[in-house]
Amino acid sequence: MTLQPLLDQINHDARGRFGLGKVAGYIPALAQVPAERFGIAVATVDGTLYHSGDALQPFSIQSISKAFALALALQRYGGELWQRVGKEPSGTAFNSLVQLEFEQGIPRNPFINAGALVVVDALTSRLSAPVHALLENMRLRAGNPAIRIDHKVAESEFEHRYRNAAMANLMKSFGNFHNDVDTVLRAYFSYCALAMSCVDLARGFSFLANGGRCVTTGEQCLSRLQTQQLNALLFTSGLYDAAGDFAYRVGMPGKSGVGGGIIALVPGRFSVCVWSPELDQYGNSVAGIWALEELSRALDLRLF
Amino acid sequence: MTLQPLLDQINHDARGRFGLGKVAGYIPALAQVPAERFGIAVATVDGTLYHSGDALQPFSIQSISKAFALALALQRYGGELWQRVGKEPSGTAFNSLVQLEFEQGIPRNPFINAGALVVVDALTSRLSAPVHALLENMRLRAGNPAIRIDHKVAESEFEHRYRNAAMANLMKSFGNFHNDVDTVLRAYFSYCALAMSCVDLARGFSFLANGGRCVTTGEQCLSRLQTQQLNALLFTSGLYDAAGDFAYRVGMPGKSGVGGGIIALVPGRFSVCVWSPELDQYGNSVAGIWALEELSRALDLRLF
Amino acid sequence: MTLQPLLDQINHDARGRFGLGKVAGYIPALAQVPAERFGIAVATVDGTLYHSGDALQPFSIQSISKAFALALALQRYGGELWQRVGKEPSGTAFNSLVQLEFEQGIPRNPFINAGALVVVDALTSRLSAPVHALLENMRLRAGNPAIRIDHKVAESEFEHRYRNAAMANLMKSFGNFHNDVDTVLRAYFSYCALAMSCVDLARGFSFLANGGRCVTTGEQCLSRLQTQQLNALLFTSGLYDAAGDFAYRVGMPGKSGVGGGIIALVPGRFSVCVWSPELDQYGNSVAGIWALEELSRALDLRLF
Amino acid sequence: MTLQPLLDQINHDARGRFGLGKVAGYIPALAQVPAERFGIAVATVDGTLYHSGDALQPFSIQSISKAFALALALQRYGGELWQRVGKEPSGTAFNSLVQLEFEQGIPRNPFINAGALVVVDALTSRLSAPVHALLENMRLRAGNPAIRIDHKVAESEFEHRYRNAAMANLMKSFGNFHNDVDTVLRAYFSYCALAMSCVDLARGFSFLANGGRCVTTGEQCLSRLQTQQLNALLFTSGLYDAAGDFAYRVGMPGKSGVGGGIIALVPGRFSVCVWSPELDQYGNSVAGIWALEELSRALDLRLF
């Protein structure tokens, strides 16, 4: 297989794109991350791992955690969850309260902030220690017990929580938020503050490329159908307001975070994680999207 | 003067309009108020008082307090206050977050909930005891030291605070809310929970009809210009989403509350308060608006 | 009376504000108007006329015509007209389609473009020659048979009609527009393209300051009640998205146009027209608003 | 292959879902279509055709034509087209003007009405006879020279054109509409009024399942990359406001029309068309979506 030289080439070329975006600056802990980093890791469904660049360096996974939180919630709630959150693309910026108000407190999908807050609220109702549960699951999936939460990041996010608090309170006014707002926000920010590397994340999400079965542990995390459904939602809504463009350019289900990471996957073949901190205007990693587009082109990975 | 027989006639006829609206039911403490009540009181600028019907019975003043809070804030901040809240009619329902999001956390005017929350936040920054201050001011203006806050109402509102909390948090995310959200909400709900009668309110707002000078105490509460400006804002924005219709039908500056009270005034002549708990679809007292329209017609009070 | 020296003083001082705004440039015919012009005219209800500066120079009245079109429509439809157009301030920019879509094709008030289009559509249904009718009425009211329509302006507006055509078509889709779109647009743009001077306009709108009776002809144009109602709507909605600020600063009912003219009035005393082509961000004349504020301050004209 | 018995079974069972939706009634020509019809046709990439039920009966393809018009426009414009229309899901009802106004006349994607109007406008600029071109293309792709336009439907749509005219005019006001509005609307409604059967449509869209090569004629209609991109957009935005739900339940790229037809496809395997006139609240065929879900389940067709 020629995957390793391809990743090395992508790693080399991606660095030529440094300087085209901006590192997330809304909290100090993220703003301090060095801009000129790039890593890529691929975990195949037969258990082989390839990586290149800064693929072992942990970074703040941020919204990538939303995909994992949804998987946990689907395990516990199944289809019942969809009474509280929609499956449609949002069509507006990821943090907008407008749609939430017009649609009576039901967020459009689980990958916008409001939707993820409902997911974490649901997990809080059924898990005695929701942060611990997600952390332990991630460690198992990634085969790395050293994964940890960066509490400095979580605390900094909590100090800037007001827009998320506004959404949680608005949903509470519509009866779609059941626990104490600050408690859920703390769990939500802890999820976002997980520090993981490209290798951790490629392994951690391998179950989505493998019909729901974790490549690392062999455990069936989600049913095959649930996995297909989660991937469909990632395809239509995983990249904020740029999901259509990502589908058009890359053609894989994916999820990005403002830490500069993006996970994506080719069902039956592999999961992949790229990382580079500089973001475009939609909050997605510039070099990361370029790298996935290049990978998709080189391997002819588009699904359609 | 034929004012007393006119008020008696209006009191008699207004009772024929019972049954056309609905008592506010969003908190139990308000829902329990008997529907079939009507009171009217007029306080002239020369100090004479006229009243008829249930004009001595205290009721929850609710949003009428927003006009008084604004007067207090103008005393302390003057024109500086307008950096944090607009002077334009809102054009959307009084509790909408949409406009607040589009306009970067600056509420359209001080009489929608978001605007009143900013006003109370501003008072909280400059008054050590903002609830005490407003209560004492109201007692002085109305000449009634027995005016009190109905803590049961305030507590019940606080328990249903989520939409207001959403607005406060949203404004905080834009930097336009300086104090602890729950602290300000408690003060805000205390203001709304003032229990006052038509007579109290007609007297309490007499300064707005008297160029800023309190008829009861002779004190100059606001400058003449500030008073004219406050009245202009009441005229354009005082009745939620029905301000234009009220201007068209009644033609006076006014402010309503979901407790069923409405204060209005004719500059240089008198302030008036009506009360009847049944509300129309805009949250304004059905019999109250009718009574003011009748008063306006009978005395030819329209300003234009 | 000291009105003449006051107007001269205002004319002198207003010219010091040249350069602070921008002449409307969306059609060539308006963009060519010289920027440094100022005129003011006052027509008292006893028939005296005062003016200063460029008060005899005709300019494009633009949206000021909306107030006159509404008066004509009220003559023909009375209260029935309010089934097709609201009385509430709009709360959004004057040409927004958003509110029109949310509110099922009923414009918020007759002074935003959509509302004026409904008014002209209504006039078109009941008048065989709506343009002729408005023109003749204006000539009568102003006592100036030389008033004419600037067809170059009207034609230029029609060539740039697309946003107005969008609104008309949207209302037609909701059943609130009865005549051919282009026919009504041509009438509407002809109204806007009336070329009148400050003196013409002050005289032309004197009936609004005089309980509905035209000072020039003695004719009762509107009933006293209709006049009060029209003035109330001008007060709450006459200056686009700056109505609240105008109420606060000037305190009179008024109507502005992007040609730089503003009419305003003090019931029982006089109507006034100012003109200066440079506009602020809301589309209102910079020097014009300043002049009215100054007049209001000097004569203590505020209504409240 | 067991496809024929499966289609027969689906045809049988789908009829049990009659009565759960409503036939489109906004124009008489569509409202007259009998409700209780169901057809399904599958065209494999190796040229075999399977069908069951009312699969040979022509119906009004309506918005399905938007996918074909986009293919034609991509042939003529390539990526340049995306300067005038976006690739993102809309997040609001398919005929909303709100987003169009906020986003300066650039429609969110080519499958909402506004986006399709821009596509037809673009075709009108580069084709001397855009209606003829699309009709002839469809006949070639489907191998059926008898396909025709139902002019009664087209005319009826044109008579109810006002909302579409509003959108076209709004885009024209932003400079994103180049031809005469009514000319483009007539072409657009002619496209929508194509009368085709399930068999016609399954064959007509086989190029989307076959890497851009028409199964009927062997012609390369679109490049392989363009085909993948068009399919990605169908997946994210093809079913109006229910695209996410369709992706979740069916998991194929697809396009629906208010005539009750839906086309979908499995890349490398087949294209499929279902038809049943009763629609759900989103304007999609009730029995049609159920049939595709059943097909997807039975053949395990989900892409992820």
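For reference, chains read A, B, C and D in written order, and residue numbers begin at 1 within each chain.
Following the convention adopted for this analysis, a contact is a pair of C-beta atoms (placed from the backbone, for glycine too) under 8 Å apart; a residue touches a chain by one contact, two chains touch by 3 or more.
Just so we're on the same page, UniProt names per chain: A, B, C, D = Glutaminase.
Predicted model, so just to flag it, every value in this text is computed and none were measured.
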Maximum centroid distance from subunit D (Glutaminase), chain identifier (CA atoms): B
Separation of subunit B (Glutaminase) from subunit C (Glutaminase), taking each centre as the mean of its C-alpha atoms, in whole Å: 32
Length of the line joining the C-alpha centres of subunit B (Glutaminase) and subunit D (Glutaminase), rounded to whole Å: 55
Whole-Å gap separating subunit A (Glutaminase) and subunit B (Glutaminase), where each centre is the average of the chain's CA atoms: 48
Full enumeration of touching chain pairs: A-B, A-D, B-C, C-D
Touching residues on subunit A (Glutaminase), where the partner in the complex is subunit B (Glutaminase): 96-98, 101-102, 160-163, 165-170, 172-173, 177, 181
Complex contacts: residues of subunit B (Glutaminase) adjacent to subunit C (Glutaminase): 86-92, 99, 108-109, 227-229, 231-233, 235-237, 241-245, 247-248, 251, 253, 267, 302-304
